[in-house]
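Chain nomenclature is as follows: A, B, C and D, assigned in order of appearance, with residue numbering initiated at 1 for each chain independently.
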Amino acid sequence: MDFRLTDDQRALVGALRDLLAARFDRTALRAAVDAAEAEGGTATPPRDIWRALGETGFFGLRLPEADGGVGLGLPEAALLFEEAGSALVPGPLTATHLAAGAVPGAATGEAVVTLLDARVAGPHSVAHLDAADAVLVLTADRETAEVTVAEASAVRRRAEPLRSVDPLTPLHLLTMADISEITLNGTVPARAVALRREAAVLEAAQRVGSAGRMVRMAVQHAREREQFGRPIGSFQAVKHLCAEMLVRAELARTALYAAAVTADPYETAAARLLADEAATRNARDCLQVFGGMGFTWEADVQLHIKRSWIPSVCGQESAADEDMLAEWLL
Amino acid sequence: MDFRLTDDQRALVGALRDLLAARFDRTALRAAVDAAEAEGGTATPPRDIWRALGETGFFGLRLPEADGGVGLGLPEAALLFEEAGSALVPGPLTATHLAAGAVPGAATGEAVVTLLDARVAGPHSVAHLDAADAVLVLTADRETAEVTVAEASAVRRRAEPLRSVDPLTPLHLLTMADISEITLNGTVPARAVALRREAAVLEAAQRVGSAGRMVRMAVQHAREREQFGRPIGSFQAVKHLCAEMLVRAELARTALYAAAVTADPYETAAARLLADEAATRNARDCLQVFGGMGFTWEADVQLHIKRSWIPSVCGQESAADEDMLAEWLL
Amino acid sequence: MDLAYTDEEEEFRARLRAWLGKVLPTLPPPPDPRDWPGRRAYDTGWQRLLYEAGYAGLHWPEDAGGRGATPTQHLIYLEETERAGAPYVGANFVGLLHAGPTIAAEGTERQRRRWLPPILRGEEVWCQGFSEPDAGSDLASLRTRAVRDGDTYVVTGSKIWTSHAEVADWCELLVRTTPRADGTPKHHGISWLAMPMDAPGVRVRPLRTLAGSTEFAEMFLDEVRVPVGNRVGAQDDGWRVTMVTLSFERGTAFVGEVVACRRTLGEVARAARANGTWDDPAVRRTLGRLAAEFSVLWRLTQWNVSASQHALRTGGSAVPGTGASVFKLRYSQARQLLYDTAATVLGPHAPDGDHPWTAERLSSLSYTIAAGTSQIQRNIVAERVLGLPKEPRGLPERSAPPWTSG
Amino acid sequence: MDLAYTDEEEEFRARLRAWLGKVLPTLPPPPDPRDWPGRRAYDTGWQRLLYEAGYAGLHWPEDAGGRGATPTQHLIYLEETERAGAPYVGANFVGLLHAGPTIAAEGTERQRRRWLPPILRGEEVWCQGFSEPDAGSDLASLRTRAVRDGDTYVVTGSKIWTSHAEVADWCELLVRTTPRADGTPKHHGISWLAMPMDAPGVRVRPLRTLAGSTEFAEMFLDEVRVPVGNRVGAQDDGWRVTMVTLSFERGTAFVGEVVACRRTLGEVARAARANGTWDDPAVRRTLGRLAAEFSVLWRLTQWNVSASQHALRTGGSAVPGTGASVFKLRYSQARQLLYDTAATVLGPHAPDGDHPWTAERLSSLSYTIAAGTSQIQRNIVAERVLGLPKEPRGLPERSAPPWTSG
């Protein structure tokens, strides 16, 4: 047993971190926000970022090398998605990654693929539908079936746009009746149940990344900002806020890595719960550390808060996860 | 509208505070604990305290003066019960108070009366049964009926003793079948529903008293105890613990007074919820402020923690209160 | 312990209610929130109606043109206007609740005559220039400086979180008239000025919040000349002058908000019942818990109002600092929980930025920060209410270099 | 990121499991918890069995008589013994986990030969004399003083929270050998002594906790003479010597407890199912949330063990301070919630002081206090992990007189 990251895994993370620093730094993030606002969200995700990610193997990471992929596994994908979540890269990262090898162009980032999970009673939301080329559709009655694919335009015709609270996650809503009308034109060789589990890990990874970013931002601010003649980070109230943020982020990350390694449904549910809690609460606590400075549109903390309010792709409510974990105990 | 205490109410509280300082100070409290331990709980409540309370009109407070009572109302009773809760006076205070005028000797503190509320499915606990003379019995099917009375010995015969976690609250358990066998030999001219509401106010009052006492004990300790070269109360972590304790105690007290004045069932449920939360959490936070010093048997904070773990007389679960308050919103 | 209103109070309520019933249907439709001149006109129009009906400056002393109402009457006024859906104080907020009371208490007779009547009649709008970007919670460390030049002060600096700056006629401004010296307390050397907003050198830039709105502005002051006669109180005594305003707070600051939150809570409960989320006991119990919270926050408001009414009657100035901090700590938490719960009830519609509950959820994020963070409030409660010792002063020690993630 | 155990590790587990299966049924019944000599005999008897089977001092270095096991093997050992219901380390705790490792690392050859073998063989029992009533969380401010008199130290003072003092042969004692002078750090001038518990002047008084048990004792030292040769490390260097022990912590401190909590959690869930409280979704979801908590606490344990195993392999001493504080903050909370939830499930039986869950609920109250309060842990995380600046030193200012209630 050696739970730690391997050197290869560290290198993989480092490479993506470098790429994001070069191609999706703070300036690019704010430009994406401005563009999304100007065009009502149809501009996200930025196509150039998508292709750049495709080139690094972000989407094709788990495809066999023979199929043009990188041949790595879910733990490596979780590590990369954690970085993407830390940088708040916009777009249907999870769906496009899951579609690699099944939807042409997904692996290379030429295609933008989003996802519609109609497991529970509607309405159902789909993110980034305007920018998408294709949609993975998981219907309620096909839990064990293969996953189907629809053209984005076919879904768009039925969907109602929503002014999303998160400028970087445009949303549409569909009712159950809308969904039954969509023409499906392909399948993905994956079972819905497995795909949902992988989606849960990748979405949790992004939340863990955001939760970790919130710790770093809060700590940096607490060290620099002075009030009452001293850095605010020297006050226990601020210190202890930051310490609890770290605890949440570290626990959620540990749960995430365990779920990615074991692919166990219960550990996945645990990771999802803890990642959700860490992302939501850390973003709020980060705002509390920033105080009024964080309340402006220009501060980035709002983007993490708003992202944490967008439901995960294939996410179920925490209550359902908790019920499932309770059953595990019997 | 003048929500504040009247001068008469202040005087009433002051008189009981003086009495308790003289007759049930810390030494008496610890003596009661020792006696309860030595005799397996049959020694509580101490009869002399009971009679002293009876003399001040604690039990007969709401009886008309013509009947030998004091002729005051539920707000005054709440204020006195708050003081009793602060001093952790042991015994079935609520039941004896409610029995005044109906059970001979209750008003004067000559009789010790406890209460058995069999509203929900059992088993049901009864406190202080060994020391009691009579028991008010509220059966499940008599919600709107008058309240019945049984001799304590009749209840004792059916009941199983429990080693109570709170040394000052000895407990017995009875099943529903046990209860149906008890011979009832009298009624109290009160409806069960009204009696339960009054009981809820009086029990909440004791919890508010305990919660307030916890604030004062924690603050005193925080001002005196030095660590790292300064009073621990100068550390923000300790300060903020104490501040939150005060917020809980003040909110619960406000809810209590409002419930006592209005006798409204929803405000009573709110008071019960907030008083319960304040007593339970303040006792824990007080222990946290005391640290290891509070973890010894000699420290009094344990007695407040343990009392907060004993269910209220006529108490229902918080969930039931919350459901009822939710219905209020519709 | 009397929660019943007196006959006099009930009569006041009935008269007010009758008047609201008559006047509210005659109001024009409310303006677009982005239309600042329209908002000013709407708000000042409402103030004019209040003035004509005898409700302007209800809680101001009579010798300042107010009605000298009791805190309980003020509570009733705020409760009834919120219930009836009357317009908010809006652009008149600073004039009626901050600058006006300050001038009434500390201004010269001439200053009172010049500035108070136009506030009451809805003719002039004030804004507040207290906060600064570098000061934050440490308000008294403000740096905007005013250099005396004959009969004027020359003011340079910047202010933040100013509401209605776009349409205000006057700004109540805190400036540093004596530079900070080592060892002197930072709230020394501050003065209070009434600055005309049309003075050369005043530049206003809208400040967009995370909620997307531009309720606030930044204000940049570049050698703005303010007559010395516009100073209220003595030079360098502005901190005390400002604190005086607080003595006008009678525990009524959040009356309207609590009434509004209780209404919203009922709406959320009914929406839950309608869409089935009510059947989730966790949702239902949280709603019940919130019912208890807002019920007691209303009672605490009454408690604080009673306390300040008593203090006024017996001694004069009432500063219910205890109650206010206790209230604010719990209220800001309850309000955030209310809108988080509303989001749960909204389900897939929760991310809809156009839904009012989502907008309120965003703006509620400021409640634990604005007007004294919860951390500052806990310090106030611990030190001023519970008497716990202050922290040591001095510079913190350096720590070891930070741990880096990965 | 490999959570699979190696073949070698699995073989170690299988052998241990087989041995436990053979030896546990042969053990005598455990003694009454109040029978100290009986407990000592039982615990040391178990240690003797471990010694004979080659498991004594599993994680000690080989040159100290240990087995030099990896942290992962130690984790497996703790996991398997807990699962099998083997006796706890009990009276051997201080010897095996504190005093022994300290002597192994810092003692002279003679000291190692004198004290280590009897610990491993279960012949001598140690207790710990670190905490003092007036020191609390500020351990280094200890006051017990040792005055040198020729070849002996004369020790006077008092200690608290000492386990097994009643039956211990030796006490690892921290004393102040040089009085504190202004300006010198308080952890200077401290020495580490091995004190024989039968020395004249040692008085032990049982300390009853709020849980009613007497697991701990107070120890009063009145001019106790301890040979200078019993000092481990240099005079006045005892703080560093003590800290060395920490380098033996490999993230395994709570392995048994986490395994035990997960077992209890399953029992609570099954009890809830049996008595109907399971049908309350709030109870069920809390149980599910706790399943997630303890699942991740187990994974975090593995993470910390992996980190320290790596550090050992590459550099020698591993002090996983980060992981330990993060773990302890969350674990102490989760454990308290576990037993609060157990109380909800017990319903009317929750106040039964004889129910093991109620006893555990009481003792769990100490988890946020003992071995560094949660407040101290948060400071450690903030300053040592996150690099936030320390607080200023100095004396606090006086506050206004306290508010009084009523």
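Here, a contact is a pair of C-beta atoms (placed from the backbone, for glycine too) under 8 Å apart; a residue touches a chain by one contact, two chains touch by 3 or more.
What you are looking at is a predicted structure, and each value in this text was computed from that prediction instead of being measured.
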Which of A-B and A-D has more C-beta pairs touching across its chains: A-D
Chain of greatest Cα-centre distance to subunit C: D
Chain centre separation in whole Å, for subunit B relative to subunit A (CA means): 51
Mean-CA-position distance for subunit C and subunit A (Å): 38
Of all residues in subunit A, the ones touching two or more other chains: 215, 219, 223, 230-231, 234-238, 240, 319
Where subunit C touches two or more other chains at once, by residue number: 280-282, 285, 375, 378-379, 383, 385-393, 395-396, 402
Complex interface listing, subunit C residues touching subunit B: 1-6, 9, 72, 265-266, 269-270, 273, 278, 281, 284-289, 291-292, 295-297, 299-300, 302-303, 305-307, 309-310, 326, 329-330, 375, 377-379, 381-383, 385-392
Touching residues (chain side subunit D, partner subunit C) in the complex: 280-282, 285, 322, 383-403
In the complex with subunit C, residue positions of subunit A that touch it: 10, 13, 122-125, 162-166, 169, 171, 173, 212, 215-216, 219, 223, 225, 227-231, 234-235, 237-238, 284, 287-288, 291-299, 301-302, 305, 309-311, 319
Partner subunit B, residues of subunit A touching it in the complex: 235-237, 240
List of subunit A residues in touch with subunit D within their complex: 1-6, 9, 75, 215, 219, 222-223, 230-231, 233-236, 238-240, 242-244, 246-247, 250-252, 254-255, 257-258, 260-262, 266-267, 269-271, 273-274, 319, 321-330
